[in-house]
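Pasting the structures in now, so scroll down.
Paired with chain B in one complex and with chain C in the other, chain A is shared by the two complexes that follow.
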Partner chain A sequence: MFFDLSWIVHWGLLTVVGLLGIGIFLPSVFYRNAHVQNFVAHGAAMAGSVAGIALGIAGLLAPTAATFSVSSNLPLLTFQIRVDPLSSFFVLIISLSGLAVSQFAVGYVREFEARYSIGTMGGLYNAFLLSMILVVLADNGFFFLIVWEIMSLVSYFLVVTEHEKAETRYAGFFYLIMTHVGTAFIIVAWLVFYQQAGSFSFEIFRHPPAPIPEGFRTLIFATALIGFGTKAGIIPLHVWLPYAHPAAPSHISALMSGVMIKTAIYGLVRVYFDFLGGAFPWWWGFLILTIGAVSALLGVMYALMEHDLKSLLAYHSVENIGIILMGIGAGMIFQSYGLPHLAALGLLAGLYHTINHAMFKGLLFMGAGSLVHATHTRDMEEYGGLIRKMPWTAAFFLIGAVSISALPPSNGFVSEWLTFQSLFLSFQIPDLLLKIILPISAAMLALTGVLAMACFAKAFGISFLAMPRSAHAREAKEVPLTMRIGMGLLAGFCLALGFAPMVVVPLLDRVTAGFTGVTIAEKIVAGGGFALAPGLGIGFASISTPVLAVLLAILIPAALLASAALGGRLRKRYTKTWGCGINLKPRMEYTATGFTQPIKQVFDMIYRPTVKLETEMLEESRYFAKRMRFETHIEPVFQKYLYDPVVKVLQKLADRVRVIQSGSLHVYLAYIFVTLLVLLLWVR
Partner chain B sequence: MVIHPDLGSQLVNLCSALLLLTCFAIIAQRRLSACVDLFALQSVFLAVTAALVAFLTGAHHIYIAAALTVVIKVIILPRILKAVIERLNVKRELVLNINIPSSLLICGALVILAFYITQPIISLGFLLTQDSLAIALSIVLIGFFIMIARKKAVTQVIGFLVIENGLFLGATAAAYGMPLIVELGVFFDILVAGLIIGVYTHRLQDTFDSVDTSKLTGLKE
Partner chain C sequence: MIESVLITVVQMIVALLASPFIVGLIRKVKAHLQCRQGPGWLQPYYDLAKLFRKDVVVSTHTSWIFTATPYILFSSTLTAVLLVPIFLSKVPLNFAGDIITVVYLLALGTFFLMLAGLDAGSAFGGMGSSREAIVASLTEPAMILSIFAVGLTAGSTNLSTIVHKTALLQGIVTDPPPHLMALAALFIVTLAETGRVPVDNPATHLELTMIHEAMILEYSGRYLALIEWASALKLLLFLTLISNVFAPWGIATERTPVWMAFGVAVWLVKVSGLAVLIGLIESMFAKLRLFRVTDFLGLAFILSLLAIIFFYILRG
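Let's turn to the complex of A and B:
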């Protein structure tokens, strides 16, 4: 049996690399036929993803980590790969999303066929998947940086697919700068390791010949947090997300938002629990928890104010990364206080939310892509009534919305509930401050959940219910089958992750056990495998999503039946609701702006909204308005007070440097000449 | 026939010195086509030096390099350059960034500098061609200086080719030539570079009605 697993790992790895490698180059061969390119590229990606799923599951179940290594001519660089439970788990996430998104892309990319080179797009798409898989598998710092950089660059090229739009170019440029700043910090973290341990091999990072001094450990902690945090989109490093994710084609947004930012979570867990494992100072976990709580809350609050569906989803990524970090941060705090079981629980909750978010965010972005495909706009105010035109899309989007709002019995509920539990169990920490802070962060998480639900009530209600608000929405048609299957796959994964936590938890336990040294699966899974009770010995709370689902499935029809039985005969009357005798028109509908107005008022300290109301009166009378114009904006606080000053200083410096860039060939030649002479005199 | 090593060394030095002399002649020349002729002459001296080294050391592959020098640098490249000059009608005088007397003074200084820089290397050497190294470096520096001091694109090509001659001399002097495959590659590069620069000059003429590369500043924002 175990022999079989290592066989699967070995061949799974080769197949993934091989198939995705084929997917990179083969589409360009069929340059005459965009259709064929589309099928070849996304077919290869799907096949590669299936192999990736096998690799991920086998790697999770395998008793020992498998390593593969190819040496290179370059010093310090070894193409070293390690398949351990953590990397396998992330390979699994990438491959599950990759499978569904590639299926979706077959239909979605159709409309790009006439305008762009599908060979290039498809090749880059495969390169993107492959680079993400290699990022989580890399076992050498140098190799890691190479694939990390490839991932960033390839995703940049995919973001600027529609490069003829100025806003897309701006989004891409912004992303490129932010991701490189992040990479710079990761390089610093790796260099500190190298300087302390003398090698770029992760194995040496893990077990340095001499213990790394506390100051350098803190330096690594901070640089890794900034470096990976930029990619993950923690506040205040999140500013690129709401630009880049909407600008990319939707299947790319689904991968970027669902999966790529997760590689940063992988990096953080790898560095903190694996490399720096053991006892952290308590404030590390505290910092991560705080950043998580702030990101979660602010992320969802900004999401609420967005009417561009894809920007809204991008801000929700900030929120969910925050929730994931809250779990991880709680785990780190428990680790500091020597509570390994609770540490495992916190980390497990974070990882569970990681896979959940990948599934439902991928699903929602594909749903948004379907809406864009059908209506050719991203503005929610132009949707409306789409549930009748696009019932399948509506159903899948609803599943995603329920999951992201963490309503029971969805998968989002399970992981957020586990996060709550680990935060509540903080009463076991001997420190009074943390005993108070952790429940407060739980309260912030609760507020986040409520706002997320309000946000998706808005997103779903405004987009799919009521009457079409524009010609675009009136002429919308259901998307092709290929796209529906893609969404259906992820919707299915979402439901499975929600109904079967007792299968998922033991798998995740294999990941966390490696870092905390204890297994908690038997303790958590209770009730004959149908319930979760994360009290860890203290009878605290328990829950069973399958039972909840069954209860809901029984109770809702039962309630309907009971009301029908008790309430007498159902009479149908066909009259207009709320019509007051007037014909209802789309202009009377609740708008997205109107829906969020109360929340904007409540939190105006954070949003700092500016409202402009211009009224033009009739000339005959001051009491009748001819035209009214209403404008409202919320202040982009982080960009205005954090980024703009930095950009200004940089531009000033650049202007200074520009003086030497005269544009004259002779002057440039003279620069080289003088440099050469100086160097020659130097070496003499 | 056996030549006394000292005499051989003297002959190599003589040829190298002639190479350097043609450099100064290029600097002092005002007419463009004359510059090309002087470059061809310099290449002839280079070929003679290479052949001499080949004869003295018995390294036969240097003969091939010498033959290639004659074919490419004495015959083909000057023809290409002349053709460009004809076609673009740029026979007129050179345009200078730095006038000729001061150019000559600067080049003199460059030669002194080159000798000063290479002195510690030469004193370590044991080859009979070792003294040529300083001359080779001087030629490289002067070639570079030509590229900076002359405005027209064609003169910059000449400067570039002079640099290459200097490098070739340096390689022959310091190590009795590079491996043959490298030399072949370098010759191919030179040929391609000559062609590309020919095209580039043409485009420059089309765009700016001039081959003055200082007009390229117009491309700056």
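Let's turn to the complex of A and C:
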């Protein structure tokens, strides 16, 4: 058995790299036929993802971590790979999403065939998947940085696929700068490790020859937080997300939002729990928890105000990263108070939400992609009534919406519930402040959950229900089967993760056990395997999503039968909706803007909305308006007060520096000469 | 096993039968305070029976969401009711969900109701859904925190454990101040979540003020009956929470038929008392403006938060 698993790990790894490698280069060979390129590229990606799923599961179950290493001619760089439970878990997430998204892409990329080179797009797509898998597998700091940078650059190229649009170029540029700021901080973290431990090997990071002093540990903590936080999109480093994710083609958005930002979560868990291992000061976890709570709440609040469906989803990524960090932060707090079981629970809740978010966010982005495919607009105010034109897309989007809103018995509910429990179990911490803070963050999580539900009631209701609001929506058609299968796969994964937590929790337990030293799966999975009870010996509470699902599945038909018994056969009459005596027009429907108006007004302290209303009256009477113009914006607080000043200072500095840039070749030659002279004097 | 199933079924039937009575009781109290006789005790039952037999008018603009919502709402509310101790402190299904599950199950119904409000394309439905969104988002954090404040004493968020331990006064140092604050918070939440004055008015169909009624404006016949019944169940659920979480005494702590029958009687008295109180409040207060509601609900949130802080401070 053990031999088999290591065999699967070994060959799975080779197959993944091989197939995705083929997927990078082979599509370009068939440059004459875009169709063939499409099939080759995404076929290779799907095959690679299947191998990746096998690798991930085998790596999770394997009793020991497997390492592979190829040395290189460059100093400090060895291509070291380590398949341990944490990296296997993330390989599994990447591959599950990769499989579904590649399937979806076969149909979705069709519309790009006439305009762009599918060979390049498909090759980059495979490179993107491969680089993400290598990021989570890398076991050497230098190697990690190389694949991390490849991942960032490839995703940048994919974001600017539609480069003829100015807004796309702007989004891409913004992303490029932000991601490199992040990378710079990661480099600093690695350099501190290198300086302290004397190697770039993760193995040495893990077990440095001499313990790293507290000050340097804190430095690593902070730089890793900023570096990975930029990629994850924590507030206030989230500003690139709502630009870059909508600008990319939708299958790329699905991967970026569902999977790529998770590599940052991987990085944080790897650095904090693995490298810095265990003994944190309490304020580290507290900081992570606070950032998580703020990101979750503000993320969902900004999402509510978005009417661009893909920007809305991008802000929800900020929210969900926040929820993940709340679980991880709670785990870190417990860890520093020597409560390993609770630490494992918090971390497990965070990781559970990580895989859940990858599944439903990928699904929702594909749903949004289908809407864009069918209507050629991202503006929700132009959708409407699409449930009749696109019943499959609507059903899949609804599953995603219920999951992300954490409504039982979905997968989002399970992981948010586990997060709630780990926050409530804070009463075991011997510190009054934290005892009070953790329930408050639980309340923020509750508020986040309900606002997410409101946001998806808006997103689904305005897009799919009532009457079409524009010609685009009236002429929409259901998307092709290839795309529907892609969405169906992730919808199925969402349902499975919700109904079978007793299978998922033991797998996650293998990840957390390595960091906390305790296994909690047997304690959590209760009730003959059908319930989760993370009381860890004190019986705090339990849930059972399978039982809830069965109850709902029994009671819905029971309600149907009972009402038939009470009232006989159902007689329906069909008429139009009553429009107070006039014909109901789409313009009379509630809009997305109108739907969120009360929320905007209640939380105006956060949104700081500006409203501009111009009314032109009839000349005959000042009571009858001839024309009205209404404009409303919410203030982009972070960009205005945090980023703009920095950009201004940079621009001023650049202006100063420009003095030496005369544009004359002679002057540059003189610079080179002087530099050479100075250097020669220096080394003499 | 069979006993557990039986108890669950009995609990379901008791709740289904008692819920219209509570609605009728509130109406009766209000009628009396307005010096009217009011309709008879059985009127809510007659209404339901009649609605079940009537034709359903469905708008041609709607989709399957509109048709499915009444059934989803009804069954999710009923599932939530099964998780709450009514006459027996340890309900057989207590392992399937705790208070957070109850809150989120009710949210599942609200989510579909909000969708149904948007489905018909009428502006009223959208208005109702939009307002429901803000009211729901302000009440749920307060609700979770207030129950958690009580859960701290019992060491559980599981409703059955809370009720059982409180009923037996087991290992409990009763902390009156936090409990009273949590009680006040939960009562405000109850008024808001069940669409009562001063947050919403179940008796109005005035366009500019309605919230819950606006969402269900397009419903008729059997669908309306299911929704009304689900609303009544929700009201009953909240009153049961208040009475059994804060004063569970009299509830059966063991599965003996006599004690459980006694439990039903005691519970009926308690929820009827609360229903009378709600009737009084509805007669004495005016409905608040929508944007004043937020202050009222903010009060509930602050109270529940204070309850937790006081709990820890009093414990030291």
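Rule of thumb we're sticking to: the second predicted complex is superposed on the first by the 672 of 684 C-alpha atoms of A that agree within 3 Å, B and C clash if a C-alpha of one lies under 4 Å from a C-alpha of the other, contacts with A are read in each partner's own complex, and residues count from 1 in each chain.
What we mean here is this: a contact is a pair of C-beta atoms (placed from the backbone, for glycine too) under 8 Å apart; a residue touches a chain by one contact, two chains touch by 3 or more.
None of these values were measured; they are calculated from a predicted model.
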Which superposed partner A:Gln601 touches (first chain B, second chain C, both, neither): second
Dominant toucher of chain A (residue count), chain B or chain C: C
Contacts of A:Leu566 with chain B and chain C, given as first, second, both or neither: second
Contacts of A:Thr615 with chain B and chain C, given as first, second, both or neither: neither
Partner chain in contact with A:Ser69 - chain B first, chain C second, else both or neither: neither
Contacts of A:Ala454 with chain B and chain C, given as first, second, both or neither: second
Chain B versus chain C as contact partner of A:Phe420, first or second or both or neither: second
First (chain B), second (chain C), both or neither touched by A:Leu548: second
Interface residues of chain A shared between complexes with chain B and chain C: none
Chain B residues within the chain A interface of the complex: 97, 113, 116-117, 120, 141, 144-145, 147-149, 151, 156, 213-214, 216-220
Chain C residues touching chain A - in the complex, by the definition given at the top: 49, 52-65, 71-72, 74-76, 78-79, 82, 93-101, 103-105, 107-108, 110-111, 114-115, 117-123, 125-127, 129-131, 133-134, 136-138, 140-142, 144-145, 148, 151-152, 155-158, 161, 218, 221-222, 225-226, 290-291, 294, 301, 305, 308-309, 312-313
Contacting residues of chain A [partner chain B, same complex]: 661-666, 669-670, 672-673, 676-677, 680-681, 684
Chain C-touching residues of chain A, taken from the complex the two chains share: 385, 387-388, 394, 402, 405-408, 413, 417, 420-421, 424, 427, 432, 435-436, 439-440, 442-444, 446-447, 449-451, 453-454, 456-458, 460-462, 464-467, 526-527, 531, 533, 535, 538-544, 547-548, 551-552, 555-556, 558-560, 563, 566-568, 570-579, 584, 586, 588-590, 594-599, 601-602
